[in-house]
Amino acid sequence: MALDFQYDELMFSKSTVKNSYAGDVVYGYEFEIMYPSYRGTFLSCIEKLTVKLDGVEIDQKKMRFTLNGKQFLISELPTLCHEYWFVLDRAVITVLQDGGIPAGAKQIDVEMVHRIPYTGYFGEYLTLTSHGTLQVDNHVTEAIK
Amino acid sequence: MALDFQYDELMFSKSTVKNSYAGDVVYGYEFEIMYPSYRGTFLSCIEKLTVKLDGVEIDQKKMRFTLNGKQFLISELPTLCHEYWFVLDRAVITVLQDGGIPAGAKQIDVEMVHRIPYTGYFGEYLTLTSHGTLQVDNHVTEAIK
Amino acid sequence: MKKMNEKIELGVSLYSLTSEFVTEKMGLEDCLRAVAEMGFKGIEIVAAQTVPEYPNPSDKWLFEFRDLLAKYDLKPVCYSAYIDNGLRPDRDLNHDEIVQFTYNDMLYAKKAGFSMIRTQHSISPQILEEMVPACEKLDIMLTIEMHHPHHPRVEVWEKYIELMNKYEHLGVVPDFSIFQRKPHRLLVERLVRAGFREDKLNSVLEYHEKGIPCENAIGELSLNAEEAQFTRDLYEKFNPTPLDDLKTLIPITPYIHGKFYILDNGEFDPCIPYDKILPMIQDLGYKGYIAAEYEGHHFDMSVDARQQLRYYASIFNKYIN
Amino acid sequence: MKKMNEKIELGVSLYSLTSEFVTEKMGLEDCLRAVAEMGFKGIEIVAAQTVPEYPNPSDKWLFEFRDLLAKYDLKPVCYSAYIDNGLRPDRDLNHDEIVQFTYNDMLYAKKAGFSMIRTQHSISPQILEEMVPACEKLDIMLTIEMHHPHHPRVEVWEKYIELMNKYEHLGVVPDFSIFQRKPHRLLVERLVRAGFREDKLNSVLEYHEKGIPCENAIGELSLNAEEAQFTRDLYEKFNPTPLDDLKTLIPITPYIHGKFYILDNGEFDPCIPYDKILPMIQDLGYKGYIAAEYEGHHFDMSVDARQQLRYYASIFNKYIN
């Protein structure tokens, strides 16, 4: 009964969308997510992580996941058995997109499938699917240069 | 001609042997090593790491390797593709040994076989074997409690 | 008997304050100050929640935490560990990794002043016994939590219980979720939000309470497929082990998880029979901490956990001492 | 022509100060101050040496570094990247990983104020060309170092040279190790320490210098097996590509690695023919930085690298301007 493990509201805690700058060039946009649980996890427990912008799924190869000062490809997450995601730490998801967040963009949806690694009671591990939604607004924060 | 890649003297830079304490219990001893090169590497490039105390090889299962605030088993090193060993950072090798460094111990020898990951010139990667020697003295430092 | 204290005393797992902690309404020191003010004496931390550097807390963190506990006159009772057996996608943790995690947690616990770690049943009987010399050397109790849906007759637990009777430094931490007899209010509310028609659900809960079999409920109450599945889940989950199991458990129990999900007052838990449990463990001679372990945040993060802890303390005081 | 500057100017790779940096005799700022005082104008960093947070330097580090360069009036010329193709034990880096490393290094370079990154030949022609739109968008030159034992007729380089002629933002960084004609003193000393009898080695070096074939040297000089192997290595290694290759390279060269191993004075490098190279690149119209790249620390960490850099600057000034 996965109804008893529900912290999805934590995923987007105080998060905003920012454009990503290198010098004066905008090469993408980024936002923060938290791990939706009462405890931290290892990135190897993330089985799937998808992002939709206004309903359209972002190419996984255009996404980067940054945590603990390191940047990962989404495809690498399952291999990161020593990368701990502390429950108060924010991971940054960057979407590589020339010019940044498209004008008029409204909503970002994240879906994360994650294994709960200690739930080996009587068999398989519990795997949850968490959802989070972020309204883009027009409050796109600018980077410090 | 591996004669042109020789920084072994860096491995034991200002290192001493300390006993490892938990409360008032001595559960092992530890010493620091640096990566012997002009640049840092990824721990996944370490192919072999052995320690001898007065000529007797330490059981790999009794050794721990700590870097970047994380502790690893020696057997895990080849899997750590995202654990970077900065050239000025010291890794700690802990040997689990009740009572700590044995009385009268004189010398620690480390041998590290490591792949140079960018040396794919015309074929295989260059793999080096570095050696370092540390005199134990009787200056075994005590831990802060 | 695993006598960890002179009497039965009330502790708290900081896990109870999850909602306040993870939403950053309360920092670690705020949590400690709050529980000290409420009168809790002993502290448990879930390291994987509390320690930013998990799984390898630095000496600096551990010593600062130890000093923080001393500042609020709180006793470090239990350092809660995990066996994150499913950490890797390709295989379970292997022997050496489980030993490494467990031994490290014992060292960290010792450094921060704890004399006990609580681990999980997937440690395996073999590794549990293998750790005994380290427990003795460090003088650290190594305990396994028995949590719902486990009970003493689960096969692996029969072996654990044997080892816990044999070795002074091994023990069980019963989590009183094993005695939960019906779903708590927050779960009921969640089921309703998930689409279980309220009147149907109430009828199911009546059937369950009266001991009418699950298939009767499903057959007689015109449930839809989803409701039927929830009903099966409810019957499976709320099938508590007998309180009599305490007779097996208490002699090997150095510490207890006083689990609760939601309390409406400081008198009575409708879900877990503390009115029977607390007198019984006293009669059985238990001497140690019971950690208030509030878990309602799993279902509703807006509940005031401090109020819940006060209610729990009140129930505890009603029966103990 | 890849015109990166108004004239030929002297830069330095901080790699030259490896020994001072890795033994903590000089910190990063000490290195910058020292080279600024010696008159070097442009800076190259080897990120995998200099950046504690490698491979992902934080904005904080990059901005502080940019400001530190400004403080000493040093120009950020080249951010040196690696393709650590053998990073994993099981396979080479894949396409996506090489693109990620390369694109990131371009972003980091841009943030710190560099307009060029130098990568390695294992990037592959396909990925090199794939990066061109990003180079144009960021206005970052993407260059590949041509290092001994490479030269323009190595197959992959024929393709690279074609692309570098085609795209404005691609270029080569010749490392003048490709022109080294004989072993430097530190290597000779190391060979002697490794057991090569000094008189025998001197004879081998005479044979090599006169162009007498390797097998004659081995046959006529009564070398032992180890000496014979060293001799074969020497003949293979010190077989420089013709200086004429500069005619192919200079038009696609935005930056040069002025490699040297050991200098005994500020007049002449006995190993790499700077007396011929420097006038030649000037004649060929090169406009850009030459980075002094001292590499003797690979062989002897006790040599004073600052003295070596002064010698190199002196040779540079003898021929340029």
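Per-chain residue numbering starts at 1, and chain names A, B, C and D are given in the order in which the chains are listed.
Assume a residue touches a chain if its C-beta (ideal position, glycine included) is under 8 Å from a C-beta of that chain, and two chains touch if they have at least 3 such contacts.
Predicted, not measured: the structure shown is a model, and the values here were computed from it.
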Result of counting contacting C-beta pairs for B-D and A-D, higher pair: B-D
Distance-maximising chain from subunit A - centres being C-alpha averages: D
Subunit B and subunit C: spacing of chain centres that average the CA atoms, whole Å: 40
Centre-to-centre distance between subunit D and subunit B (centres being mean Cα positions), rounded to whole Å: 30
Inter-centroid spacing, subunit D versus subunit C (mean Cα positions, whole Å): 61
Subunit A, residues touching no fewer than two other chains: 70, 79, 81
Residue numbers on subunit B that touch subunit D, as the complex places them: 1, 3-7, 9-10, 13, 34, 38-40, 42, 44-45, 47, 78-79, 81, 84, 86-89, 115-122, 125
Of subunit B, residues touching subunit C in the complex: 22-23, 25, 27, 61, 64, 66, 69-71, 73, 75, 96, 98, 143-145
Partner subunit B, residues of subunit A touching it in the complex: 70, 72, 76, 79-83
Subunit C to subunit B touching residues, read off their complex: 53, 56, 58-59, 63, 96-97, 100, 103-104, 106-107, 110-111, 113, 137-139
Subunit A-touching residues of subunit C, taken from the complex the two chains share: 15, 18, 21-24, 46, 48-49, 51-52, 54-55, 82-89, 92, 120, 122, 149-150, 187, 190-191, 194, 230, 233-234, 237, 297-299, 301
